[in-house]
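Single-structure report; data block below.
In this document, chain identifiers A, B, C and D correspond to the written order of the chains, with residue numbering beginning at 1 in each.
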Amino acid sequence: MEGVYRLVMSCPDRVGIVARVSNFLAQYNGSIMEANHHADLEQGWFFMRNEIKASSLPFGADTLAEVFAPIAADLNMSWRITDSAVKPQVVLMASRDSHCLADILNRWHSGDLDCDIPCVISNHDDLRSLVEWHGIHFHHVPVDPENKAPHFAEVERLIEHYKADTVVLARYMQILPPALCGKLPYRIINIHHSFLPSFIGARPYHQAHERGVKLIGATCHYVTEDLDAGPIIDQDVVRVTHRDRIDDMVRLGKDCERTVLARGLRWHLEDRVLVHGNKTVVFN
Amino acid sequence: MEGVYRLVMSCPDRVGIVARVSNFLAQYNGSIMEANHHADLEQGWFFMRNEIKASSLPFGADTLAEVFAPIAADLNMSWRITDSAVKPQVVLMASRDSHCLADILNRWHSGDLDCDIPCVISNHDDLRSLVEWHGIHFHHVPVDPENKAPHFAEVERLIEHYKADTVVLARYMQILPPALCGKLPYRIINIHHSFLPSFIGARPYHQAHERGVKLIGATCHYVTEDLDAGPIIDQDVVRVTHRDRIDDMVRLGKDCERTVLARGLRWHLEDRVLVHGNKTVVFN
Amino acid sequence: MEGVYRLVMSCPDRVGIVARVSNFLAQYNGSIMEANHHADLEQGWFFMRNEIKASSLPFGADTLAEVFAPIAADLNMSWRITDSAVKPQVVLMASRDSHCLADILNRWHSGDLDCDIPCVISNHDDLRSLVEWHGIHFHHVPVDPENKAPHFAEVERLIEHYKADTVVLARYMQILPPALCGKLPYRIINIHHSFLPSFIGARPYHQAHERGVKLIGATCHYVTEDLDAGPIIDQDVVRVTHRDRIDDMVRLGKDCERTVLARGLRWHLEDRVLVHGNKTVVFN
Amino acid sequence: MEGVYRLVMSCPDRVGIVARVSNFLAQYNGSIMEANHHADLEQGWFFMRNEIKASSLPFGADTLAEVFAPIAADLNMSWRITDSAVKPQVVLMASRDSHCLADILNRWHSGDLDCDIPCVISNHDDLRSLVEWHGIHFHHVPVDPENKAPHFAEVERLIEHYKADTVVLARYMQILPPALCGKLPYRIINIHHSFLPSFIGARPYHQAHERGVKLIGATCHYVTEDLDAGPIIDQDVVRVTHRDRIDDMVRLGKDCERTVLARGLRWHLEDRVLVHGNKTVVFN
């Protein structure tokens, strides 16, 4: 795969932003492989993502950032430049259920997910062998329900130790403390096993069964301090009928969960997800 | 289309129900065109629907009901027999938006909906011409926001006058008074423009836009005294993106609403929907 | 709705196209409401669509085209500029089935389709009243199966008379002669009642039933001289089961057909569909 | 999970079949957990599946078959009785791609697929470690493109050796010889990476990309002597756009393939799939 730099930005909307940025790139002969724009006219905000062929530029990502910085400052941009050659470090967290974890590991192992997975952290030891077969460190960090602080302290230490760019809660089933959430803004991805905002909180399939809905779903979102209320990256649903008991819903929902999580994670890793307020722009 | 009788029943589950009913039908040489069973093992409840070729029986629907009654009593059934030759009377209620109403009228006019539509009731006069073109009575019954009682009294009178079997709220936008709901249990069908239980109440597309969901939906349900909380007949969703403004959501949602309402209404009219507790069994 | 100009173009890919175009627009203070790019790296071809707020420019669409022409020539563009204030003239053609026609007419009547519909042409008289109720001319042009030439001559005359920009075959069921297709390249839209390339030609639901597929579909495409082989604009599917007979498939398929046709037509009318080779780029 | 017997049958349609069978079951106090009927009125054929609680009967599956045989003979049934306590033996065949294989193994390992997997056969050695980690025998049986007979002879020997009830071609990529297909009628399941009958044969994603379709799909079907023409068990699709290159289609298609194969295999293993002519009845 051809190496690319990804220039991702948002700023107050005004005339001439695209001209400024595209002139800048053209001036260095930058070859744009993919470009996406979005103007949120209500909010007056502009979003843009460019993939530039790395070899078309006369310099590397660091210099690109340096020479772009004045334009970004002038236009009041939130922005970042990432280099596809530098793999993001993704720490996975799980509990006992393997369906999401095994799915991510298989995609990674098949070369379909462009990242490093330095370790998996779990509050149970069940998934150790699966993880270690993939050549990935497994950390069993038990939770004491009476005193969860030591667990989260160790989790935080591991996240720092492995220099995680992104943390994925692959059915981790614990609620992260606000302080930890705050340290990795829009870098912690959760899969919730309902079509949010329906069935927030615990046991959503039980809630769905109780209500008699005809579709169940899954939601991939960034974790914020508000439980299940962070910006939504992707969602999907699957049809159920009166014949489906709770265990059928759980089974059908699993397919939905792993697909939605894999899709959301991929978009995140390719810098396709921009957050504004509590909503996402997804350039997929 | 071959005429059929529909024998629809539910009762406490036990061994031998199917044998009793199928023996009964076989004894009169009844030819079963379609049969559906469902045993809810958690609730201990059994549901069944049979379509019997009318011409295969030596008697009509009334006699069928008479001879079946002792079995039904013995098994503590809730049951009904309907004759496909007797068209149900469906009163439609609408407000200003035509998308659901026009869709139902076109299906009816094309012969795809097997019912009579004796009248349409609306709190506005906008849709009169559309309705009257189809040869259907149109009743404009204005609502005084300060005193809605006269409106609902007249609605109730019309429903009775036209001997409505079923009332469809095709984006009627008013909340029916509990007393009226209670008179037509599981006979009033509403289309709610969200994927319930998300976004109950007013302006669901605005709520969806605010929350940043990636799918919006529609829900067809029976109206009960609890707003938007009645048994769900069908639901569906459509994908939205960050590019979709509220008016795009409204437009995309309309397609979802009319499809879901038409599907739910069809199943209801074919006696495919059985209610138990606050949930439906849909033999589609 | 704010008036916009749509600048739609495709050309051989090279560095600097976006810069040239966005500079051009910025120079006249053009406010970009929506922008879409696509580089087909295999074909070495570039596609772009810009919506510019009409009131932000100091001149009208004609002058915009004039001042843009040299850039377009320099970059070897296929291009067009359309003005949202000038409604496209859409001639509808139908046969006997009303589902697609009634759907388009209802959307148009509700203000959801931004075009004029100067007339409907049909080889049968069945839909006259429906069309005329909408205040639209209806032309019954019968087909003599032994000699179809007079029919098509009259159709061609009407298309010219009404200055049609776009012709929609809303289940018209006749095969247009190649010469007529050639006169309106990528301006004639058909809805085919199968998921192409499955079940080309006649009676696709019968073919689908015979093969035992579990999903049926519909395809909206531009009409070319090759039957059912033109560039695909949109497709969708709906699930069927062993219980569905051919008439059920027809009924379920109708919902799919009307939704897909309406979606494709809308994108076409908003200049979101660009054709390259036998494929479409759809900036939706 | 409560043990069940599954009584699955099809026969010429006539009055009284359900009565005969349900009387038979009621007479032995058999408790029906789930029942499904289907009358194909065009073909004059009747299909039925009953799940009977094993512990409700006074005898085992063998005796059940014995006492039922006269009724089956009398009604000219094709029929079978299976015991959920006897796990089917499923042999998996794969090539180099792991996505379908890893998915099935994860479901099996998680207890979501009720079968034994005695071995995996592959023409390459790549997937050995994945398979062996699950504690399953792996047989690498290379194919000589000049002379495939020895490969298939060994495959056949292994299928017999492991007493396979079902063989799953999980992206095996070789065409089984007709003689081998004939030995396991409706017991070999394939996943084809297109929405059949579109894109039969090799490289369906390339064909789909060439045609410019807007949805790609996957089809799970029984293998017969006619390539990609056997009875379809399940299908699904996923949306693609002009931005998706062939490798994107392959990636998106993989999710579709594994979901459809897992669903079809599950239904097959639960005896929910009945074949009649070249079509399936799926009681799901």
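By our rule, a residue touches a chain if its C-beta (ideal position, glycine included) is under 8 Å from a C-beta of that chain, and two chains touch if they have at least 3 such contacts.
Just so you know, these numbers come straight off a predicted model, no measurement behind them.
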Longest centre-to-centre distance from chain D, chain (CA-based): C
C-D compared against A-D, more contacting pairs: C-D
Intercentroid distance (Cα basis), chain D paired with chain A, Å: 36
Distance from chain D to chain C - Cα centre to Cα centre, in angstrom: 41
Touching two or more other chains - residue numbers and ranges from chain C: 34, 41, 243
In the complex with chain D, residue positions of chain A that touch it: 34, 97-99, 102-103, 106, 109-110, 112, 129, 133, 243, 251, 254-255, 259, 262
Chain A residues within the chain B interface of the complex: 38, 40-42, 195-199, 211-215, 217, 231-237, 241-243, 245, 278-282
In the complex with chain C, residue positions of chain A that touch it: 15-16, 18-19, 22-23, 25-26, 29-37, 39, 41, 56
